[in-house]
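There are two complexes below, and they share subunit A, which is joined by subunit B in the first and by subunit C in the second.
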Partner chain A sequence: MTAAIAQRDRWFGFAMTLPGLLALLLVVLFPILFTLWTSTSDFTLLKPSNDAFLGLSHYTQAFATPEFRHALSVTLAFVVAVVVLEFLVGFAVALALDKVEHGKAVYYVILLFPLLMNPIVVGLIWKMFLHPTLGIVNYVLSLVGIPPVDWLGVPDNAFWTVVAVDIWHQVSFMIVLLLAGLAALPKEPYEAARLEGAGTIRCFFWITLPLMRPVIVVTLLIRLIFAVKTYDIIYIMTRGGPGQATELVSYYIYRRAFVGLDVSQASAMAVILLLVVLALTAWLHRYMRSLAQ
Partner chain B sequence: MRWLRRAAPHLVLIPFSLAVVLPLLWLLRVSLTDRRTAYQIPPEWSTPHLGNYVEIFTAYPFATWFWNSLSVALLSTAVALPLATMLAFAFARYNSGGAPLRLSILASQMLPPIVMVLPLFAVFLGAGLLNSRTAVVIAHVGMNLPFLAWMMIAFFEGEVRQLEEAARVEGATRFQAFWKVAVPVAAPGLLAAALLAFIMSWNEFLFALILTGKRTATLPVGLSTLDTHRGVEIALLAAANMVAILPVFLMMPFLRRYLIKGLSLGALK
Partner chain C sequence: MKKFLLASSMLIASAFGAEAQTINILMESVPDTRYVQEMLPEFKEKTGIDVQLEVVNYAEMHTKLVPQLVAPEGSYDVIIVDFYWVGEFTKAGWLQPLDERIQADEFPVDNYIPSIMDLTGKVDGTTLMLPFYNYAMGLTYRKDLLEDPKHQEAFKAKYGRDLKVPTEWPEYLDQVKYFSEDAGIEGFKGVVNQGQRPDPISMEWSNYLFANGGRYYDPETWQPTLATPEGIAALTQYRDSIQKYGPIGAANFSFDDAFNVAAQGKAYSYLTFNMFRPVYDDPASSQVVGKMEIAPVPGGGMNGSWGWAIPKSSPDPDAAWEFIKFIESPEIAKKRALLGGAATQKQIYEDPELIEKFSYYPQLGELLAYAQNFPVFTYTPEFVDVLGRELSLAVADGKDPKEALEQVDKDFAELLRKDGKLQ
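Take a look at the complex of A and B:
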């Protein structure tokens, strides 16, 4: 009897998952397999029939390409910069929001605005504000005696400008999640620590940080994975320039495939990016499962 | 000392809020200037004028972009939502697919768009679907389906099962317990998840950039072309940007409760 029920449960589950799984197979798995195939053949868009098997030569070629290696290192610098800075700013704001007694709802709504905004809009408006001669930012700086800055025209400036705009756009992600974590912390440890005479700073390092660890790890990992994929803001603000100063790997692959029309080579680079993201995702998955138990 | 403790959070929150709000207010201000005033540095104040909001519809195919974005976002969400809900229910109640399913859904959601867009471009080129809205809808289903499934798994796992079990005892089939009990109970969450999926599609850029053409461009793609269009008309650009972000801002009250779950992929309540 119970075996028959279990059997019917399995069939029901199978029938319910089938349509979704088929869709995923078609629109997610099939494209990935296609990329694996183009990355190991000399596939071109102009002559799709030209598809001799080349093995891993596109992969060794990718790592031998100085521009690709450069794009990887710019991406690493970008990801470290945005994740670390967004975490520090985000944690400070989240702690302040957790403690604030008046106006919490207003502050919270304000910080949600950038988060829901279209990245193209974010890039466009900041490019407009940061224009060297017509932008409002240089005008405001001139009021306090700072000479005009060429925000996007000089390599170092451009890198940090893009980082700053990304922080403006994405820091609320960190705030919202860290605040949710802070709000869920138990109150008792703090009361006990107070009785023993611990101050605010000690409480933070002894209680808040250790208890927040799971939330911090999940938040950082998710943000890290999304930062690795950054593309839109580069396309709209710098097109990877000046030179290659802001050329993140997603943008480089795009340029290689759709400007250089070198689809096979771009596919191999895309698979390398994919492997990095999948490794980070597997890490996130393991961590989330360990929390659930 | 007491007042200092109370004031300290505001010392962090006020500058932060100004950094968020001032650029948005400035954008609003530029969108309400006439085209000459928009360029004046130092800024020159003039009476607000709504002409830019009318002109974006005549100077650019703004209505087409808006309609394309709206239809792509609605369709891709409408296709993905039932598939994701069924998948999530089966996983949450009957553990169908188990851990491998959970990992593959998470992985599908994390895929870099650039990895997916190369093969989709080649395949749609071959199938004659390039430059069509269908192509973007298909790509966005691939993006929204795993996201929605992940959200719905979190909802169904957090829901009490007693109601469904009671319905089963009363003679309801498994599907009826899903459709008549679990779905209505999860309805608010379902709606919030659908709104978030809609926003993801509405804001998505790379798939739309590669897969659409001039007449099928979505709003982000259309906006990105304004940047190079016969010198940047910043007053018009500002008005266009305002119209692109307003629908999303209007959804905020419905989203607030569920945003955390959406952003943390269900890891946080």
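Take a look at the complex of A and C:
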């Protein structure tokens, strides 16, 4: 009797999730499979159909293209910079906010503002602020006697400026997730540790960090995946320049498809990017789990 | 009852039939689109055809157009084509030839300025578009400073020539140097450039190339010719303009970043699209009202324009032609120009009423007559991308100009071979 009910429940569960699963198949799996197919074919915007099977030639060609390799390396540097810096800043702010007794909601609202803004708007606003002769940032610096800074016109500056704008925009994501994690930590271990005479620093390294590890893993993973896809602020602020200083890979792939018209080549590059992200995700996940054990 | 049903269904059918006389056009959000919008009631009155304009940003246009052009029946009856896309659109065979319609209606195509007709009109002898508006580049400069006796004297003493509207390229370069280094105006520069990749820098540098007597390719063989003494001189001068004589940050300036510097009265000159000329006189966005003027770039500036076309996927090509014929008729073209439109027909630049209203019209006419064209082929957008990258590397990242241009020539040749232009 109970087996029959369980069976019926299972079918009911299937039926209820089916529409969702179908939608997922349609909007996630189908595009991925189509991209895979296109990446081995000859789809261009001049001839938008998959007619010939070209094997892995688009993949070998991608790695033979210096601009693509360059874009990959710039992206790697960008992702490491934003994820590490946002994590450090985000964790510090989250720890500070965790101790706040009153008015937490006010802090939340202020912190969430940048996150609610469209990246295009963020790029436009900061481009205006950072205009070297007409922008407010250099004007404020001039009030304290600092000569004007060329934020986006010099390759090194441009890279770090874009990183900084991304941090401004995205750090609250880290803060909010980490803060939620901190709020959910049990109080007892801390009380026990205090009784044993442990200080704040020891509590942090021996209790907070180990307990927070799963939250940290998830936060880093999500942020990493989003950082690899960064496109909007580059498009608005630098178009990959000056020189090739901010040439991120997703912007490069977009141009292969819609400027170079070569959708198959762009698909191959997109698949490579997907594999890199998957590999990074798997590695980070394992590494963090091994630490936890 | 049957009769009633028949009558009512006919009524419904005729209502739908009347509604079918609507044409859809995808357009860019620029002033010239606004002027077209203002003409629509008159078109509706004349022909009974409704026009739906879908207005989007430039960046979205290509992505929106292509799927509609590929489809057997798209949603746009009329499209506008940037000269960038002409090669691609014609190679793909997306546009309908207009010659028969032009002949049947005796449409006055000879009114168009020839270089603009070459850019967004005729392709290999077939008329595929009619020019819509131009965005040829000109030299905008501070007229008040040029006419100031103090500067005229100081300039003559230092450079041994008169300070006047430049007609020779070296004369202009001297003026840039003078206003950056010798004029003694604090925080003021001789030039502001738009050094951002890929379009701003490519379009602006083209003026330097043409002014030095350089060209993109040999017109006989399509062999690229950028890594030549003229090209290298052009890139060296351009780099100096940005690094030595321009404001900081110009290596990443887009059109509006650079324009704002000029409009805030912080630079003597800016090579830019002629449609910006009226904006200098708009107090809402300019501190130099009445002080800027436009002149042809010495040596011939860079041409640019948009064209009207009927795609093969157009649901209603006849109505589409009615619209193009109307909007480009000399009468309506003049009305649009009176609103501020960037005209493409010769007679407009000689029209007394327009010259009275826009004092700079004679210079504009001259500018358009001498403007030179950017290479138009299937892979023009990709070529701009390559060119922009290498120019930016030379300007901002220390790459040797000769090496950068050799790389451009190499990539350019490869794209031309892919297109079958170069053997």
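Just so it is clear, the second predicted complex is superposed on the first by the 244 of 293 C-alpha atoms of A that agree within 3 Å, B and C clash if a C-alpha of one lies under 4 Å from a C-alpha of the other, contacts with A are read in each partner's own complex, and residues count from 1 in each chain.
The rule is simple: contacts are C-beta pairs under 8 Å (C-beta built on N, C-alpha and C of every residue); 3 or more make two chains touch, one makes a residue touch a chain.
These numbers come from a predicted model, not from an experiment.
Participant: Return first, second, both or neither, reflecting whether A:T133 touches subunit B, subunit C, both chains, or no partner chain.
Facilitator: Both subunit B and subunit C are touched by A:T133.
Participant: Which holds for A:L88: it touches subunit B only (first), subunit C only (second), both, or neither?
Facilitator: So A:L88 meets neither subunit B nor subunit C here.
Participant: Does subunit B (first) or subunit C (second) touch A:L124, or do both, or does neither?
Facilitator: So A:L124 only meets subunit B here.
Participant: With both complexes superposed on chain A, which partner does A:L111 reach: first (subunit B), second (subunit C), both or neither?
Facilitator: Only subunit B is touched by A:L111; subunit C is not.
Participant: If you count the residues of subunit A that each partner touches, which comes out higher, subunit B or subunit C?
Facilitator: Ranking subunit B and subunit C by residues of subunit A touched puts B first.
Participant: Scan A:F258 for contacts with subunit B and subunit C and give back first, second, both or neither.
Facilitator: Touch status of A:F258: both partners.
Participant: Is A:D232 touching anything from subunit B or subunit C once the two structures are fitted on A? First, second, both or neither.
Facilitator: After superposition on chain A, A:D232 lies in contact with subunit B alone.
Participant: Touch test for A:W151: subunit B only (first), subunit C only (second), both, or neither?
Facilitator: After superposition on chain A, A:W151 lies in contact with subunit C alone.
Participant: Do subunit B and subunit C touch any of the same residues on subunit A, and if so, which?
Facilitator: The overlap between the subunit B and subunit C interfaces on subunit A comprises residues 45, 48, 127, 133-134, 235, 258.
Participant: Taking the touch rule as given, give the residues of subunit C at its contact with subunit A in the complex, in rising order.
Facilitator: 59, 62-63, 66, 70, 88, 91-92, 187, 195-198, 247-253, 257, 260-261, 264, 266, 378-379, 381-382, 385, 388-389, 392-393, 395-397, 399
Participant: Given the complex with subunit B, which residues does subunit A contribute to the contact?
Facilitator: 8-10, 12-14, 16-17, 19-21, 23-24, 27-28, 30-32, 34-35, 38, 43, 45, 48, 89, 92-93, 95-97, 99-101, 103, 107, 109-114, 116-121, 124-129, 133-136, 139, 168, 173, 176-177, 180-181, 184, 215, 218-219, 222, 225, 228-229, 231-232, 235-236, 250, 253-254, 257-258, 263, 266-267, 270-271, 273-274, 277-278, 280-282, 284-285, 288-289, 291
Participant: Taking the touch rule as given, give the residues of subunit B at its contact with subunit A in the complex, in rising order.
Facilitator: Touch residues, subunit B against subunit A: 6, 8-13, 16-17, 19-21, 23-24, 26-27, 30, 39, 41-43, 79-80, 83-84, 86-87, 89-91, 93-97, 99, 101-108, 110-123, 125-126, 138-139, 141-142, 145-146, 149, 174-175, 178, 199, 202-203, 205-206, 209-210, 219-220, 223-224, 226-227, 232, 234, 237-238, 241, 244-245, 248-249, 251-252, 255-256, 259-260, 263-265, 267-269.
Participant: Write out the stretch or stretches of subunit A touching subunit C in their complex.
Facilitator: 45-48, 67, 127, 131-134, 148, 150-155, 158, 235, 238-245, 255, 258-261
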